[in-house]
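Input: a single structure, listed below in structure tokens.
Per-chain residue numbering starts at 1, and chain names A, B, C and D are given in the order in which the chains are listed.
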Amino acid sequence: MVCGLPGIGSVAWLAVNHLQKELHAQLLAEVFSPMFSPKVWLGEDGVVGLMKGEFHFWKNKPGGPDLLLFTANEQPYSPEGQYELAEVALNVANKFGAKRVVTMGGMATDRLAGEPRVYAGATSPDLVTELEAFGAVKLAGGAITGTNGLIFGLAKPKNIPAICLLAETPGYLSLDANAAKAALQLSSRMLNIPIDLTALEKQAKENADVVKKAKDLSHAFPRESRRGGDRGEDKLHYVS
Amino acid sequence: MVCGLPGIGSVAWLAVNHLQKELHAQLLAEVFSPMFSPKVWLGEDGVVGLMKGEFHFWKNKPGGPDLLLFTANEQPYSPEGQYELAEVALNVANKFGAKRVVTMGGMATDRLAGEPRVYAGATSPDLVTELEAFGAVKLAGGAITGTNGLIFGLAKPKNIPAICLLAETPGYLSLDANAAKAALQLSSRMLNIPIDLTALEKQAKENADVVKKAKDLSHAFPRESRRGGDRGEDKLHYVS
Amino acid sequence: MVCGLPGIGSVAWLAVNHLQKELHAQLLAEVFSPMFSPKVWLGEDGVVGLMKGEFHFWKNKPGGPDLLLFTANEQPYSPEGQYELAEVALNVANKFGAKRVVTMGGMATDRLAGEPRVYAGATSPDLVTELEAFGAVKLAGGAITGTNGLIFGLAKPKNIPAICLLAETPGYLSLDANAAKAALQLSSRMLNIPIDLTALEKQAKENADVVKKAKDLSHAFPRESRRGGDRGEDKLHYVS
Amino acid sequence: MVCGLPGIGSVAWLAVNHLQKELHAQLLAEVFSPMFSPKVWLGEDGVVGLMKGEFHFWKNKPGGPDLLLFTANEQPYSPEGQYELAEVALNVANKFGAKRVVTMGGMATDRLAGEPRVYAGATSPDLVTELEAFGAVKLAGGAITGTNGLIFGLAKPKNIPAICLLAETPGYLSLDANAAKAALQLSSRMLNIPIDLTALEKQAKENADVVKKAKDLSHAFPRESRRGGDRGEDKLHYVS
């Protein structure tokens, strides 16, 4: 199962939505619950939609792993709701006999790399080693908050091997397609499922152009006009 | 079922209360619950009343649709309570075999029209088209928060066709009878149930007079004394 | 059942505790619950006590009504907890076949009367009339918040006749024995149970002396030194 | 059962963790629950851990009392969660036939003693007297908030004799090993279980050196530069 709920840079959400579209995964189940915000949204056609979680299923060729995808419009607003949604996701994973749980997220950094690093943690040291072999950097220490972290962590007492991939994201991007791409590349290698990343690359290129323009613009202004302190010419500022 | 809980301009609440009085609908059930505020109120006769939801029933002439009305003194204060009350309302609707759910609300705007527009969303594109034929403006995009929105949205997975009508309201009126009238006129046409709107019209007229006086008064003062920015002579300011 | 939980001036709490001591009522049941604050307190002897509700029972002489008393160290901190505790109290009242529920409280006022007025509301107009005959002032309009109000109001759908007595209290007193005495006097007349009020009178006298001293003192200082606005020489200031 | 959850100076948490390590107590059960924060943490090896409670068991030599130890990474964030965790702990204590419950904590003080006093309260006057005989100071009055206090207090209606030991701690230490040592010394005497306190003594010595350095440093600066008021040369400032 690959899980991605909205979070920093929407990294996980972008990644799972990309997977769903590229693989033409089928809608399996929807989760409506008071753990989501008390609101509804309207499409351009005037038709109502609810805040919800969604499971999609993708049937692989014989021999390869099938994929169960899980995402939602938002993270539950209460801590109890976040635990509850993580439980729901893992129960569905169990019901479908998921062999491994992959969660994702963004890690705020002030390094804006063309190739963001992907940090990885897991439910066992063996899995961490496996992830390092695929190019991930070991996530040594720290905490992961929210539903993505809970799905990852709660898989452990349920004896489902789980990993969490955090791609570097500059923090000022609300939709960081480049970080999502980095997380997906690593997942793709690990799961041995080739994924066409063209759409994400296109979006990432557009993001980069916008950031470059903003950077040029900020150099055109005197230092005093910038909000917050300056942390060196080569680093970009970010808001966590 | 026609639902109207307190909200912006009390549009929905005014509309459903008007329906109940004009149609002499009978009290069917009351909902007392910890999801309401922990308080009671006293009438002029010293008799206590609880915060509650109320269902009223109106028997139509043979051939026409009966009406189930739902309203409450207030919206539940917690998100979970809002979901719970929406569930209660829809369960009663289901038990009585409601064919359609109509929810209402106000849409804050700075246009003060003699004839407020009524925006409409629905659970299916067909219903949206039907509403446009009755004079509604398609609600393309946006979000509806609170219990009125949840009753509307949660009807969808329960397979009850539902619509939401949002009448324009200037936002500074706590009881906008004119907006309630506009929402009711459209409902009346759609449900093919004639409704005498005289009482609402009278109240709307009084509102308009009060607003006119306030407007005249505000012109008598220098611009600097007004709170907030001025957004043009022809527009009224509003607080959302 | 006579109920009194802590509130403005601790009027109800003082009244029910006085009843319990004067009548030597017996402890019937204790309520421990997560709806109370997560803390414990220690007595002078180092022995721990919990936040709790308590029911006491008093057996009257043949012919007169027995009394069930209910109080607690504090009101539950959450709205849901306040509803829950009110339900608990009324369920016990039902189990013991209580014929009438009496709740009390303080009504903040800036009138400091030797004889505070007692305002009264009830679950039926007949009861209001009866209370007026006993000297109460009809509580026409307004809201009563908190557990005392909920026990009163929720008695109505449970078909237990209930009344609420609110004694005038200046608001700046945390323990207003004079108001508690006034509420008890009226209850005593209505229930036809004579109650010795000497202890409350003594405490009320001490309160009055303290207030008089504070008043004399405030006159000795220039007006500018007082906090808040001055609302006339004859009125005392209060904080609601 | 000896219980110690994080709190002021981490006194109880340090004490129970020391017991567990010194006695080589075996892990008995883990408690995962939405009452904990919605986050996970990562070890230096990249392996995920959950917020949780832990029970450890230590088998004594024949004739002496076995020990059940209970601790957690954190206290539940909600009042209801704190009550729930206290119930869980006491239910496990009951299942294992615990004869006595020992809870601990820190008491913020501005006295920095080489030998911190240990204050004690209990569920009965006899137990208080027993604790005084072991060198504790009677906790006469006051309140204990949080899960440590609730485990202590809720043991009373469950008829499990319980005590609470609060060791003096200066408040500015996040890990006060000296206070933990003092609480353990008293527990050790009372339970007649010898405990090697060398590791705690070493940590306490390091703490004292750091505090001494900070104190010397604060004397080197003019008074005006210190935050807060000065409460005498001999007293150390603390933040509660």
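By our rule, a residue touches a chain if its C-beta (ideal position, glycine included) is under 8 Å from a C-beta of that chain, and two chains touch if they have at least 3 such contacts.
Please read these numbers as outputs of a predicted model, since none were measured by experiment.
K.L.:
Quick check for you: after a Cα superposition of chain A on chain C, what is the rotation angle, between 0 and 180°, in steps of 5?
P.N.:
With C-alpha atoms aligned, the rotation comes to 180 degrees.
K.L.:
If you list every residue number at the chain A and chain B contact, are more than half found on both copies (same) or fewer than half (different)?
P.N.:
Interface between chain A and chain B is built from largely different residues.
K.L.:
Averaging over Cα atoms per chain, report the distance between chain B and chain D in Å.
P.N.:
56
K.L.:
Measuring centre to centre with CA averages, how many angstrom lie between chain C and chain D?
P.N.:
39
K.L.:
Could you classify the connectivity of these chains, where an edge means two chains touch, as line, ring, star, complete or other?
P.N.:
ring
K.L.:
Can you give me every chain pair that touches, using the contact definition above?
P.N.:
Touching chain pairs, listed by label, come out as A-B, A-D, B-C, C-D.
K.L.:
Note which residues of chain C are touching chain D in the complex, please.
P.N.:
Touching chain D: residues 30, 32-34, 37-50, 77 of chain C.
K.L.:
What residues on chain D touch chain C, complex-wise?
P.N.:
For chain D paired with chain C, touching residues are 79-80, 82-84, 120-125, 128, 138-147, 149-150, 152-154, 156-157, 162, 164.
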